[in-house]
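Listed after this line are the structures, all set down as structure tokens.
Both of the next two complexes hold subunit A, though its partner changes from subunit B to subunit C.
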Partner chain A sequence: MTRLTLDTLDLRHPGTERPALDALSLDVADGEMVALLGPSGCGKTTALRVIAGLIAPDAGEVRFDGVSVGHLPPERREAVLVFQSGQLFAHMDVASNVGFGLRMQRRPKREIAARVAEALAQVQLADLGHRSPHELSGGQRQRVALARALVLKPGLLLLDEPLSSLDAHLRTEMRALIRRLQRETGITTLVVTHDQEEAAVLGDRVALMLGGRIHQIGAGAELWNRPADLEVARFFGGCNFIPGRSANGAFDCALGRLALPRAAPAGEGCLTLRPEAIEPGEGENAVTLRVIETRFEGLLTRITAEAAGLRLEALMRAGAARGAVPGQDVRWRLPREALWVLPGV
Partner chain B sequence: MAGSRTSATEVIGRGHPWLSLAPALGVIAVLFGGGLVLGLAGSFGMGRGGWTFEPWLAVLSEGRVWRALGLSLWIAFASTALACGLGLGAALLLRRRFPGQGLARLLFQINLTIPHAVGALGILWLLSQSGFLARLAGGAGLIDGPAGFPALTQDRHAIGIIAHYVWKEVPFIGLILLANMQSIGDDPEAAARSLGASPFAAMRLVLLPLLRPALIRAGAIVFAFSFGAWEVPVLLGQSAPPALPVLAWQRFTDPDLAARPEAMAIAMLIALVSALLIRAAFAGRS
Partner chain C sequence: MSARARMALGVLLIAALMAPLVPLALWSVARGWFYPQILPATWTLEPWMRAFAARSDIPGALMTTTCIALAAAALALALGIPAGRALGLYRFRGKALVELALLAPVIVPGIAVGLGVHGVFLRLGLTNSALGVVLVHLVPTLPYVVFVMSGVFANYDAEAEAQARSLGARPLQVLWHVMLPAIAPGVMVAGLFAFLVSWSQYILTLTIGGGRVVTLPLLLYAQAGAGRNDQAGVLAMLSLAPGLVILALVARQLAGRGMSIGGTR
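Let's look at the complex of A and B:
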């Protein structure tokens, strides 16, 4: 298994203004699964291709176990990339597809057959070896692509949006399968996704990539609740930003003095809390606001309210939202643990 | 919703597909099928007083026809193989991004616009024993006179004819393959590389099989043309034996009208052999 290090990678596609990779640095520990999360166009697929050796960076280094692999072509790197579309070879049957990498390693035919059968069993497609790729469903194709990579027992597995072409039901199943196989094999894995939920479920850690560099990396909940900066908070759907000053565990702002959780950054900054964290009722950090608008969004209702020229948005279940009527005052509690300060914003 | 049940065929053209295709098929049937039927009928002596197998028997028992068929097969196979090989190589080179790529592609494709007869005259001017290359060789003292230059036109091996077809068809094959490569993209090869294939192995085991159907289709067109066209062998070929289409053309323009049914039989023979070989090529694909 391999430890992956990206060291200040720079890459600019010719003819584009913004760099695709902007001093991108990342460490993935041996046997860890990291989800590289970001909106489309943030450079995450480019990063994956640089690691696989399919694109050369303009500057910076890719290291496997501390050793630079910049000079190695893709076929000599310990990494296997699974493409978003699967990229099964249409002119080969499933077994030949899965055995392709072993054939490139000139393994004996008998060994290839045995390992292919084992890999297909791992992804629950044991009987489909003789099928041609166009006879498979989307989910089966994606599983074959996964088996084709796993059969090589690579040091590093790179998954590019492995679930994006699947429908919701298959997605959950495939997610569990990837998770299980990664646990069983212990292969260091970097999975690229634009889906927050997928990143949180798949990754031991989630790395949020915006504009070609990592803005924050950590456990999923940490990124949601303790964003490092405004852009991270916005990416995760943060919409409440209150300017003020943090000192001695409290935040002074137009809403008054609010108690902060421990270890909240001090100094001038912006208070943020997720809309679904706001609760109706009295208690610590309770404030009075005038309801401006309510909007039904299915399971939850989005309520916009105002006080002292500040707007807050809350997402509440139907029962809790019933008390909010436009034009009337409400008492909202801003739970201490849900508050976070973005310093210097 | 009832409205969403409308199927694609109904949107494109209401009614049975055959009905929608009828106008186009009608034109093809009259122009192409009609010619074929008349030619076939002519080869059995129709219009000359009754049905007869005589023209076919005469043609098939004539050694000259078989030698001409052999020559035409040689021309078509050699031209197709060389054009496919070189066209594939050129397409592989031209798909890479490099400065001046647009200009290179334009130059590569420019002779698609030149008519065959004009190209053949160019080949004659370039390769014949009194042509440009022969003069250069003479000027350099490599040969004593025109006869010292190897016969590359009007020669036994039809080198001039093959050279012309290759020159003319390499851009055609290249163009088709380049368009095909563009739609295939780089990802299949990239996937193979990531699985451990060398650049050459990725090309041989992944890209080429994906290009094969297009190559066979383009090759079939080149084969059919170089097997059945007469103007290039007329200009660049030897007279005995001539290529099969030239023989048909000679019989057809013979002052003796009795040779006409034989001309038709030879023409039908060309169409038949060509169709069978192309059919075999497509069958071998799957």
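Let's look at the complex of A and C:
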């Protein structure tokens, strides 16, 4: 379909200190689905609007298939943006909403009817064409919004938080639907979300955006386990940061010498590992710590422990956490594969 | 309050509003109605026949009034919709001042406005012409339109327009297919109000029209002043007609949907 390139986009909203987009660059391959993940206010929605042509960047270029679209108004771009709220037109029924874009192109009535029916069937709303938007549930409205974009067979689909207004069980269903439709149609898709899990499920790749620029892009697991910098690690709930020095596949720090996975960055830096990766017991990279606090968090228990002035937090299932009693020592294993070094921190 | 009491109060209110109109209605179909008769001695349609006779100036005035009111309402909408959109959708420096300036013509007495405008229009050659009257009618009509429309746009989600653009609609298509349908009820109410306000203008029409542009209110004052109660009655009934029709048209909008006239949210 369409390959999307963002080339060092800059944008500052008037009257604000921090830029909304700060030298933002991103490549989305033809037919790929990339999840643009970030906290609210990181500029991800602004980025979508710039791609759709609703806002002009201060500097930089948006290219579709290598050709700059900077001069094109939104209606002439190969991209369709689906708004967070769905934005169904209240004065039209579902079928007219879905057919809106085709009517704007002045397609023949018969073709519009056929394509609208096909698109409604794709999102499993075949019998609701005559309904008015306010008679629909939140999930149905979101699906109509999706059908309204898909019916245009766009080269690039931009989804702004498509699941944020839905209940938890509807989300799972809608997530699967979006994933399936994207695979079937092969439309290049950029989906914006603030939800890590959603990003991991939806995106072929996940791009983490913080403060107007992409900090890291890659497969979901890579961002979780191999963060590029401290901010990325923190965003994904990283809480264990141990200063030290990495050399020859080992990390020297206050806890002793820890074995590192292959390809870990060398030099001065910070060791990080996710709290849920820590396991109780003996083995490679086992350390002794004194338990300070345990906190029940539902499925998991958060245990804070200390050794040599360093604090580590672990998330463990009830069974594994039973051995941890505040004031007593525990042996924890820091699995080699779960360790990662943030250089220069 | 019980339903019956409320009903009684409603009837009383309607009676109080309608009562002054009853003698006017009667005059328009009476011949020789003198004190102390309660009802006219003879009923006749003669005043109406006379009003619409070949030499009467009432049909012409009816036409003039209708055309001026339509033009004034259309012009007020053309100017008031964009102004209302700006006031309803955007926050900008000096917004309160703009709102006050828009409201000013409603506060300042019509005669003062009329005389001031007269001086300007005289220089522009707009006095004694229907065009001048239409323009001066914008003074009382525009504030109504702007305020109704700014209320409508305060409830309007302009994101719908961005969505339409992204779906392939050109700016004019967005205006026609997205904005207008969403604000249509408000436009109708504002337009009808503007029509009525223009329809019943007296002072401004007289000052700027200079007696050359003859509308129903002008004739009504003249006939009432000359003691021609039968013709005044006919004119009063004619003047009342559009108000009643419009009231019937928008009553549902005003009562049923409260203040939320149009909008998409």
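Convention: the second predicted complex is superposed on the first by the 345 of 345 C-alpha atoms of A that agree within 3 Å, B and C clash if a C-alpha of one lies under 4 Å from a C-alpha of the other, contacts with A are read in each partner's own complex, and residues count from 1 in each chain.
Following the convention adopted for this analysis, contacts are C-beta pairs under 8 Å (C-beta built on N, C-alpha and C of every residue); 3 or more make two chains touch, one makes a residue touch a chain.
No experiment lies behind these values; they were computed from the predicted model shown.
Subunit B and subunit C, once both complexes are superposed via subunit A, clash.
Legend: residue contacts after superposition of the two complexes on their common chain; A:F236 is shown touching neither subunit B nor subunit C. In the superposition on chain A, contact is made by A:A90 with both subunit B and subunit C. Of the two partner chains, both subunit B and subunit C are touched by A:V80. In the superposition on chain A, contact is made by A:F100 with both subunit B and subunit C. Annotation: subunit A residues 49, 52-54, 73-75, 79-81, 83, 85, 87, 89-91, 100-101, 104-105, 148-149, 152 touch subunit B in one complex and subunit C in the other. Listing the residues of subunit A that touch subunit B in their complex gives 49, 52-54, 73-75, 79-81, 83, 85, 87, 89-91, 100-101, 104-105, 148-149, 152.
Residues of subunit B touching subunit A in their complex: 187-188, 190-199, 201, 205-206, 209-210, 212.
Those residues of subunit C whose C-beta lies close enough to touch subunit A in the complex are 157, 159-160, 162-170, 173, 177-178, 181-182, 264.
The touching residues of subunit A, when paired with subunit C in their complex, are 49, 52-54, 73-75, 77, 79-81, 83, 85, 87, 89-91, 100-101, 103-105, 148-149, 152, 158.
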